[in-house]
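Note that the chains are named A, B, C and D in the order they appear, and that numbering of residues resets to 1 at the start of each chain.
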Amino acid sequence: MNDAELIKRYQTVRARSEALCAPLETEDYCIQAMENVSPSKWHLAHVTWFFEMFILVPYAKQYRMLCEKYAHLFNSYYETAGTFFPRPQRGMLSRPTVAEVYSYRRHVDTALLELLAHPPEQHAADIRQRVQLGIEHEIQHQELLLMDTRYNFSINPLHPVYHKVALPALNDPTPKMAWQEFTGGIVEIGHDGDSFAYDNERPRHRTLLQDFKLGTRLVCNAEYLAFIDDGGYDRVDLWLSDAWRTLNEQRWQAPLYWFKQGRDWMHFDLTGAHTLHPDEPVSHLSHYEADAYARWAGKRLPTEAEWEHAAGRQAISGNFLDSGLYVPQPAQQTGLTQMYGDLWEWTQSAYLPYPGFKPLPGTLGEYNGKFMSAQMVLRGGSCITAQEHMRASYRNFFRAADRWMFSGLRLAEDIL
Amino acid sequence: MNDAELIKRYQTVRARSEALCAPLETEDYCIQAMENVSPSKWHLAHVTWFFEMFILVPYAKQYRMLCEKYAHLFNSYYETAGTFFPRPQRGMLSRPTVAEVYSYRRHVDTALLELLAHPPEQHAADIRQRVQLGIEHEIQHQELLLMDTRYNFSINPLHPVYHKVALPALNDPTPKMAWQEFTGGIVEIGHDGDSFAYDNERPRHRTLLQDFKLGTRLVCNAEYLAFIDDGGYDRVDLWLSDAWRTLNEQRWQAPLYWFKQGRDWMHFDLTGAHTLHPDEPVSHLSHYEADAYARWAGKRLPTEAEWEHAAGRQAISGNFLDSGLYVPQPAQQTGLTQMYGDLWEWTQSAYLPYPGFKPLPGTLGEYNGKFMSAQMVLRGGSCITAQEHMRASYRNFFRAADRWMFSGLRLAEDIL
Amino acid sequence: MNDAELIKRYQTVRARSEALCAPLETEDYCIQAMENVSPSKWHLAHVTWFFEMFILVPYAKQYRMLCEKYAHLFNSYYETAGTFFPRPQRGMLSRPTVAEVYSYRRHVDTALLELLAHPPEQHAADIRQRVQLGIEHEIQHQELLLMDTRYNFSINPLHPVYHKVALPALNDPTPKMAWQEFTGGIVEIGHDGDSFAYDNERPRHRTLLQDFKLGTRLVCNAEYLAFIDDGGYDRVDLWLSDAWRTLNEQRWQAPLYWFKQGRDWMHFDLTGAHTLHPDEPVSHLSHYEADAYARWAGKRLPTEAEWEHAAGRQAISGNFLDSGLYVPQPAQQTGLTQMYGDLWEWTQSAYLPYPGFKPLPGTLGEYNGKFMSAQMVLRGGSCITAQEHMRASYRNFFRAADRWMFSGLRLAEDIL
Amino acid sequence: MNDAELIKRYQTVRARSEALCAPLETEDYCIQAMENVSPSKWHLAHVTWFFEMFILVPYAKQYRMLCEKYAHLFNSYYETAGTFFPRPQRGMLSRPTVAEVYSYRRHVDTALLELLAHPPEQHAADIRQRVQLGIEHEIQHQELLLMDTRYNFSINPLHPVYHKVALPALNDPTPKMAWQEFTGGIVEIGHDGDSFAYDNERPRHRTLLQDFKLGTRLVCNAEYLAFIDDGGYDRVDLWLSDAWRTLNEQRWQAPLYWFKQGRDWMHFDLTGAHTLHPDEPVSHLSHYEADAYARWAGKRLPTEAEWEHAAGRQAISGNFLDSGLYVPQPAQQTGLTQMYGDLWEWTQSAYLPYPGFKPLPGTLGEYNGKFMSAQMVLRGGSCITAQEHMRASYRNFFRAADRWMFSGLRLAEDIL
């Protein structure tokens, strides 16, 4: 990517963050309905701080901060970059206002584009790399912004609607679940080459797979409902010990965003509240629920190596943010499908370093590496992930109890 | 008060709520920085719901609610009036928007004024009484709105300013503390007659006082600082057991809103952050701190009966909301002063029913009576209380650990 | 009381503590089933520490502590007497063993009796007073020991029995509730004279009573059951706000120690589990429940001044610890009865200082005064209180939510 | 193993549990100083219940339970075997007494030995397998009993001593850390064959290793102290995010059981409190600390496959329970040493199912499988593990924050 392309991409991605906020009222930008989510305005400011902190401050000599306290307010978790405002209180800050946050974005954009136009030679390569990282970082937060908005809206009895969309007509019923077989052996996974990837996707390395098969598509609502109707949430033998405790403490009886209206199961998503669509992939599952469903079905979740091995052969296309739907869609093809887009797929792999893993040097090493503890890997992206952000080697990670990301479930099975 | 006067008062008070919000940005209306406070827009809507719920719904036949879910969202704690949205989550609601809340106010105002213009005869007296109660209720929430705004702003490192005000020049230094003596005996306290008062101020009844004296003015910052400098916050012998635990858990070292800048004590109030003014009455004390100070000073807090007996002889005037300052002012007179306005005065009386107390019938009985447990009485109003709202018999109440209301401290002593 | 009598009383009371432990297994001495209770061996050691700390250490020159760490382990809450082991962890200490605690008692007894035999003249009066206080303190802990044992046993599914006792045959059914009237006016309450009383009972002072009447006996189980059967625990209008929250959080549906076996209400007490006896006074109520019952009955709780005024005319006799039953008994007489013994009676009075209250000087001032916050007064003693410990002016106090003490309920009413 | 040998082994292991309790006072059997530990008497009863529940109840027709409630009291976590008493409250039960627990052991021993003498033919194989499992289970609890006793004693200011032991004289200083290299490739790990192993060690399967090297011995106290002295506990860059939060919440500044006396580091173990021995392997580390140390040292922890591959070539011998020391010993040999015994070694592997893992059928499937969530694997046994219990394939597992087991740390490194 040359400099002009980089500038163009910067501008496009920055603009998209703001476009995604177009449906929001000023009030919607400010709230934080649980600790895990952040206010939209915080996301807008934090991604801006990232460019300021890691590029402008070290490399743009003339740069003047708009407000020094923003460094405290909009640092997320970079311990070695200074203090940060407590995460659970992000929704308690009315200032800076939304308008001021937009001004902050303008302020940084101006300085950054100027720097990109005339980068100091000895830092040009670093700057370019960090801008690229900052862009990917902002794309990640676009997904968070939609995830968080959905959660924030979901606890409001008024059921606010983020957007109205005409979902595409479906030609056919969803194909029945089928199984694609893969032969084991030594395979390579992880990112290779110079193109952008996060540190946690490296190094590419060899691993050993047993023979296995994958479900050809994501598990859908109708299938998951059969699990519920079979007493899935009441059968202790199906659940991990941590899962069972969580289920009871939080009184789970269905995936997040499902609720009952009379006898009907309803579903709240970015387009509002709807009757549950049976063919839509089941979404907003914790790892615990995905694992329990798999056990009930006599299957298991794939490992991340299995998933990557299978996905590596496929084109990166699917129902991404780019479709403008922000809703997962029923599978429409036979054969291995939905590997990319629609929903992140839980794997049975813990999020741990690859053999030979080296985090980025300095503060940016905090980006990924320090979270390699008690999290599980998800793969493949979702209907709110930008397609350009996706790679076969991309490792997303959440705690096993988390449910507010766009997570779904694909089954796997050993071939004995 | 005749009907025209009542209508006028309704309009005046309703307008004042909105005027008090004029300095707020949209974002400021939405936040809730701790469980005890509410977002400004919630206050604006809740006081409106009060008129809707207790007057329009029972008495205005044609009335149509703007949104039925508001009954759930804006009920505060009236268990017998239906469900209510969890208090700690009020700051998690972006909708209704601020604009929608103002529309709700208009909607109810229109219907209420229409009803007041043509009240159904058989309910006219009830309506009038309830409108009066609703007005007093809204005035109470005006005070809460300012208290809560101050707290909400205080946790923001940007230190937002609610209003700028030119404080009046002081003629003289604050007079030294002196003591006014009162002779005991059987006295009457509580509200008498038909004019408006809350149920908890009734019935007027006889009580027995010992001889006592009162400090002529509120304790000021300089005096409180002497307590701090004497190790007041480290001397366990000065504190009640609950107080000591609270002090340690919350790491109190000074009143709420005091903070240190280098060696200087600073103070955050509705006008922003300032150097502490030595003559200003010390404010935002918990009962625990007021009690510890009094013990340190070899004095005690007054009982509510002592306070009311002394205050009953004074005109109800002082530094109230009406002054437009919203900041307590140094005492400027010798003799018993500051009994009204400036700061609520902690008493040593638990908030308990008067002999013969009868709560209002029905749901409105929940207004005051059900809180007669583990709270302490404060008296006299503050610089953010409307003067028209005050009475000698007025009983305010908070928990002993609370500090975000405009509370201060007057000393008392036995005459032996 | 002369010195010989004091020595005798010391020996008698010390022996009684140990006699009360006779039914315990070694294991029973060690447990702490909730934060509010203490292990029996801790009680035995703490009361011993009290004599050591406040008498032997200051006044017995030759005294050598058996173990210096006991000062830390067995200090309860005397902040100015040194550190103390965290209360919630008292049940986590296996050492000192029970046998070692008894040795500690012997060690202190020997030294104390020696000191009492030859008190240094200049301290003789102080020593005598402190021994008397220590004796009363130990008697208080005898009651706690039984309360705590009952609670500790209650959570064990094996339902251990503390003692078996033949309850006396009842001549007659409990008399119906009647009302005794009292004329108001200025009365005196509080302890007078030189005989022993706690600091919180002083000074005797004048107070004003309205005309009132008292229920002639304690409310009994059958009457309380009528409240339950009338939906008492589901009717929010009967409960204080704090009470309703507590009831819901703790899922109260009946007094502590009641449980259902099939359709029958059962009751666990120091003699084991039994069918509920309808005539027995209802016990182990929180203040919240006593208050709700009174509201349901259209009555109220007495104030402590009313209670003391009424009780002051009666002989101090009743079903105390001395009866050896440790179970409250149905009222057997008409006229005002059960004022003393059987169960502590909740009042509607907050536990606050009397006018002119002065705590004991020094560390012993922590005995009572620092708890005058958010507690309610109970009066009259119970079936596990020693009769010699009781006075008309005796003020017991607990938090409104507490239920593990032997608390009951007498109704009061205004005479209008 | 024939039947006579099985009976012999049953008797030996049962006797060892009781022998390990010989140093305990009755009181020591009853306490539970944190949620993770259990009272000794609970361990003694629970392992007995295991034989009763899984062997006597299904297979011994004539068997009569000593007490039916024991099934509730002594079930640990087998959800499908009935209810269980809440784990955090195990220390709140004084009954059954220690003597009663021993009677329970006798009762079950008698019945079980009778059954083993005359097993019903059609169940003989099942019985034999389950007895073997029950024996291994009891051996596991012998380790827990010592771990828990150490913790229970550690919080007592009196520092009780479990046993006095003469540690062996050391011939030489601990050898310097050296590195043993291993060539990667496809290797097999997991248990093979019919001999006893837990379900989680199966199936034996192939996995791929990179080239790696292992530290020849455990990291010792002196080396760990260098990490502390280098600011290890204050350098956020060395810690995982979860680790840093835990360290701050729990205020870790050293491994568990280290404390300072003046300037000296002390260490509390089963033999009491001592000056820290520099050559002793560092123990009672969380995974977080082991991981941070490794990062500081520029190394990493081994994977469990690496460990097993290396250990599989070694004889299973070392400083186990059998040595009677119960204290880890300094390494005394050059070359790869301490792989077995002394301390469990943290790996960087999450505790997850092996490819093709099948839990035991029925309730016994809850033994291991349901804990495969958010735990890390430890390998090799410790100085309180019985040697007969150990296998190269043995997988122990704890949460990353746990520190009360006898855990230590061996370093690994990639060969590039």
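By our rule, contacts are C-beta pairs under 8 Å (C-beta built on N, C-alpha and C of every residue); 3 or more make two chains touch, one makes a residue touch a chain.
Everything numeric here is computed off the predicted structure, so don't read it as measured data.
Chemist: Through how few touching steps can chain A be joined to chain C?
Modeler: 2
Chemist: Farthest from chain C in C-alpha centre terms, which chain would that be?
Modeler: Chain centre farthest from chain C's centre: A.
Chemist: Any idea how many Å lie between the Cα centroids of chain B and chain C?
Modeler: Chain B and chain C have C-alpha centres separated by 38 Å.
Chemist: From the C-alpha centre of chain A to that of chain B, how far is it in Å?
Modeler: Their C-alpha centroids are separated by 46 Å.
Chemist: Using the average of all C-alpha atoms in each chain as its centre, how far is it in Å between chain B and chain D?
Modeler: Averaging C-alpha atoms per chain gives centres 59 Å apart.
Chemist: Do you know which chain B residues sit against two or more other chains?
Modeler: As it turns out, chain B has no residue touching two or more other chains.
Chemist: Residue numbers of chain C touching chain B in their complex, please.
Modeler: 77, 79-80, 186, 205-208, 210, 236-237, 239-244, 288, 300, 348-350, 352-353, 355-356, 365-366, 370-374, 400, 414, 416
Chemist: What part of chain D is in contact with chain C in the complex they form?
Modeler: 25-33, 67, 69, 72-73, 85, 89, 91-98, 152-153, 155-158, 160
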